[in-house]
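Two complexes, one shared chain (subunit A), two partners (subunit B, subunit C).
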Partner chain A sequence: MELHELVQNVVNAISIGSIYALLALGLTLLFSIMDILFFAHGAMYMLGAYATYYFCTKFGWNYFVAIPLVILLIGTFGTLIEKGLFRPIRNDHVAIIFLGIALNWFLESAGFIVFGLRPKPVASAFPGKLQFLGSTISWERAVVVIIGMIAVFSLYFFLMRSRLGLGLRAFAEDPEAAELQGISNDHVCSLGFFIGCGLAALAGLLVAPIFIITPAMGSHAVLISLLVIGLGGLGSIPGALLSAFIIGSIESFGTAYLGANITWGLIFIFVVVFLTIRPTGILGVERE
Partner chain B sequence: MTKAAACHNGLPSAYLQKLNRQKRAPYGFLGIFFLLSMVPFICRNDYYVHVMIAIFYTVIYTSTYRFILRTGQFHFGAHAFIGIGAYASVLLVTRAGWSFWAAMPAAGIIAAVCALIVGFPILRLKGIYFAIITWGLGDTLRFVYMRFKNPFGGALGIFSIPGPNPITIPGVGVIDFSQKSHYYILALALMMLTLYVLYRLERSRIGLVFGAIREGDQLARAIGINIMNYKVLAFAVCSGLAAMGGSFYAHYTYYISPQDFTVLLTIYLAIYTVVGGQDSYFGAIVGTVVLSLAGEIFAGYSHYQLIMYSTFMIVVLLFLPQGLVSFPRYIARLFVGNSANEVKGKGNESALT
Partner chain C sequence: MKMQRGSYFRRIIWVGIVVGLVLISAGAYCGDVTEVEIGGITSLSGVAAPWGIGMNNVWQLAIDEINNGGKWWKKKGFTVNGKKYNWKLKTYDHAFDAGKAVSAANRLINRDRVKIIFAFDGGMIKAFQPISEKAKVITVAYASPGKDYINPKNFYTWMYGIDCMAAVIFYPWLEKNTDIRRIAILEPDHWTGHTTEAASRFGISKTKLEIVFDDFFPADMTDFYPILTRIIQKKPDLIDIGNVDPAARALIVKQARELGFKGPMYIITPDIANLKSVAGWENCEKLYFAPYDTQLTEGQKYVKDMYVKRFGEENWIGAISYIFWDYAFWLSEAIEKAGTFDTTTVCNVLEKMKLKSIYGEPAYFAGKGYYGINRMPLYPYNISQVQNGKLVQVISGAYATYLK
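== the complex of A and B ==
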């Protein structure tokens, strides 16, 4: 193996890993705060990508104008879903999972009807390539890595340093005690859904110029992020980041040397075997 | 009414009544079998018969899926075992030259043994982890089918699978599976067998143990129940039965490919189960029948079909937490007040209204 080949694979691993990390971030956040698995995360990601398509390609707006608009739009949509559908059955964990599944497939098939079957392109906001130690990376992938890092760190500081973040963490620790301290459960859930869906929309935004946009991209994404957060340990944000990069590396090196199909089989086997040996994932903690 | 109230009817007298009912059950199942088996001879439209056959093998999948859900495991890999059953029986018939009648039970046994082997390590996992791991298992198998062209046919699948071998039944004549009605009888028999096995499991002491495991497995363990053995038993039996359904599916459609056994299949099963009602034995059957028939309206427009299914599921989850089987009770409560519940002895819920 030559050096530039190795560097190229590492660069690819980081770029794939950041996309997976972004995808899994919102899902693992919702799980760590509210202990629910929000299956419709993938649909939010799909809607984010389509909103980008409409704003940037159809209306011709600037990509940077679209970023806050899309996040606000999808985040608000997520909050509405929480208020209308999830709040009445918040205490029934199994029902919430099934509700998320139903919502995901509802939005996906509605997407096929509304947006059409044909994949949609989004023009890249960052054309050009970057040379690095003999390897090539396109600017748009580098931007994914950079914005992904910014999102992770701002989320970290929001959770650890701000009053609202403190409230969210208190709720995650013990909802009843938090309510006794004057933290409104309803507000926490709305905020959690806003952030979770906003992060999904951000992932959609960043991925839109790289991948092809189809309504089916959501369920694929939610399955990948399930693998990622399962391997990392449910509800653990550092674990999700770590496992995103592990899976990204396996995919990058595996695709280069073994081929795409068998790589995905390998990833599945890896996750299954790992979870069988260590059922809490890499950094997960025993729950209940 | 709450979920807990529906399950706490394990009083000794009720249990004895159940045992009594169980003695008569085989006759009931036989009666239903003979009644339903007349359908293709009265209604000679192949399309309707086909819809019925599809409902029958889906009921096999759904009721076994529901049974695993009832042991408290969030199963997401039903497609894995259905796929094992289909591929195993097809390979036994086409490569090893077995008869279908030997290959179908063999496929069920193979899937049950697979479930037994993976069951002991993975059934220790709970909740989402179990879901992720079973789903991963199913998709790993899918990649195996796609990767290895030699026995599994690769991504294109296996074509022109032979139908079941002709058999002669004394007094009836030769059944050579040239007509849909022959498949109909086979699917019906398979479904009634599955339902009977599940009925016996559920209405026996083992069924009570499963209820105990679901309500609180630590408590069940504390009173001396080996919960692992029971969970693995349910997992293996249900996977084996579902695999026999998969074997029938393969020989009925003459074509299988890895795309038939994706996670979407399990999601359909989950939708059928939840819409019908997880808590009731008939829930899975009702859900499958209602949604399959409703789905035929949109046959060919899969997106509209999925929209309808998911709308059904959302409405049921929000307004009818016990599924469609509780709909008559819901209506009764609307009109009669709460007296309809008290008759059934499902606990004191007079506080509800």
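== the complex of A and C ==
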């Protein structure tokens, strides 16, 4: 293997890992706080990408102006979903899973009617490419890596160092005790959904210029996210980050040297074997 | 008073007679045209929904053209032994799930009693083919043509167009007219991808070109950097991404250019607008498109205008749309000529018919040389290349002679 090939595969692994980490971040946050697997996460990601398309391509707005607007829009939509659909069944975890799957399908099907069949592109806000030791990466991917890392660490510090984050963690630990301390469960859940869906929207927003926008893009994304957070340890943000880069590396090197299909087979086998040996995932903890 | 009452009754009788006549004539009119259901099984949801919904739209346009008459089908409905018939399209979603495709076929055949099914994807068709063949239901398959389901044993299964077999035209031409020698083939890992790859291999086997890479990728893949890295290391002169779905192929073109691949690629049924907006037209330089007519035929213009007017530009899925137009007309004509809905007779008539195709003429059924049975329509086939930003037709009116 020549050096530039090795470097290119490492660059690919980092790029893929960052995208997967971004995808999984909102999902793992919702699981860590509310103990739910929010299957409509993929639809939020898809809506974030479409919102970017409408703001940037249709209305011609600046990409940087679109960033806070898209997060705010989809985050608010997530809050409304929490209030209208999830709050009444908050304690029924099975019903929540089915509701999430149904919502994902509904939004995906509605997407074909509302947005049309043709895939939508978003022009790159960061054109050009970066050459590094004989490898190539487009600037838009480099930006995903940078913003993805910033998002992961910001979320981590928000949860660990801010009062709101403390409230969220207290709720995650013991909702009843948290309520007795004056932390409103309803507010915590709304905030959790706002941040979770906002992060899904951020992922959609960042990958919109790299990939292609279709109403079905969320289903694949939510599957990858589940794989990432399952391997990383449900609810663990550092675990999700680590897991995303492990899966990204296997995908990059495996595809380059073994083939794309066998690689995905290997990834699934790896995750299954790992979870059989360590059911809590890489950095997950045993939950009651 | 008596006169008034008589006049009143006479009026009632006259009104009664007029209403009766209107009802009788309306009844006679309604009874004159019988509606026959025609089935559709495609992907109306999931990853392949853009194709599935798009092809269903074209089936509907063709059926409406037959029922209402128009520029292409100049009469209303079709006639069998003096009786007039209209089609009614009934489509079920298989969401790319073979189990659902089988359920849909069972419903169409056993409950809706259809005699013809339009269907999408070889994997789905393979799943329900034992049922449709046993019931002698004509299945028109949009799928890459595998010999294991297009063969003399499957008498009632027909293929849409030769797109997937265009490799038999393209590669011999490529060898003769260019310096391209090293070919990389990349297809999605589903039935259509596998059979298209087989068709490419078959086309290349007729030449001295060398295959330097040949692999499949998961159909829902969106990041092609790793696999393209591997392809580029093999130093191909051309990358064949024949039957990759429109969204993924635009991404492949974009990402291949980002990674530094400057050579040509080969694409079947391109969605040019999509390629332009996603990959950028400058990145499409040297790409080969099969088929792509720089000059659309009158039929193609007619269908595109109708489609865009009815379903909107946003829902136009590109050159692939045209392929779904012809069969409804060919089958209606074959049924008229056969004078029966008996599918065995209809198949025998259809096989020998001279066809009027949206792609031009002469058009006829062939394929015996490859499949052992004539089940694939041949028509003049064109291939274009992007040269200096312009589409140039490099192959015009060719026929897939290897299939004859």
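The criterion applied here is as follows: the second predicted complex is superposed on the first by the 288 of 288 C-alpha atoms of A that agree within 3 Å, B and C clash if a C-alpha of one lies under 4 Å from a C-alpha of the other, contacts with A are read in each partner's own complex, and residues count from 1 in each chain.
Everything that follows uses one rule, which is that a contact is a pair of C-beta atoms (placed from the backbone, for glycine too) under 8 Å apart; a residue touches a chain by one contact, two chains touch by 3 or more.
Here the structure is a predicted model, which is why all the values come from computation and not from measurement.
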{"item": "Clash-or-fit label for the pair subunit B, subunit C on subunit A", "value": "clash"}
{"item": "First (subunit B), second (subunit C), both or neither touched by A:136", "value": "second"}
{"item": "A:9 touches, of subunit B and subunit C: first, second, both or neither?", "value": "second"}
{"item": "Which superposed partner A:216 touches (first subunit B, second subunit C, both, neither)", "value": "second"}
{"item": "Which superposed partner A:85 touches (first subunit B, second subunit C, both, neither)", "value": "first"}
{"item": "Partner chain in contact with A:180 - subunit B first, subunit C second, else both or neither", "value": "neither"}
{"item": "First (subunit B), second (subunit C), both or neither touched by A:112", "value": "both"}
{"item": "Which of subunit B and subunit C A:121 touches, first, second, both or neither", "value": "second"}
{"item": "Which superposed partner A:261 touches (first subunit B, second subunit C, both, neither)", "value": "both"}
{"item": "Identified clashing stretch of subunit C versus subunit B [92-100, 164-172 or 290-298]", "value": "92-100"}
{"item": "Doubly contacted subunit A residues - partners subunit C and subunit B", "value": "105, 108-109, 112, 261, 264"}
{"item": "Of subunit A, residues touching subunit B in the complex", "value": "37, 85, 88-89, 92-95, 97-99, 101-103, 105-106, 108-110, 112-113, 223, 226-227, 230, 234, 261-262, 264-265, 268-269, 271-272, 275-276, 279-281"}
{"item": "Subunit C-facing residues of subunit A, complex", "value": "5, 8-9, 12, 15-16, 19, 105, 108-109, 112, 115-119, 121, 129, 136, 138, 211-212, 214-217, 219-220, 251-257, 259-261, 264"}
{"item": "Interface residues, subunit B side, partner subunit A - complex", "value": "74, 121-122, 124-125, 127-129, 131-133, 135-137, 139-140, 143-144, 146-147, 263, 267, 270-271, 274, 302-307, 309-311, 313-314, 317-318, 321"}
{"item": "In the complex, subunit C residues that touch subunit A", "value": "45-47, 49-50, 53-54, 189, 215-218, 220-223, 225-227, 229-230, 233, 246-248, 250-251, 258-260, 271, 273-274, 277-278, 312, 314-317"}
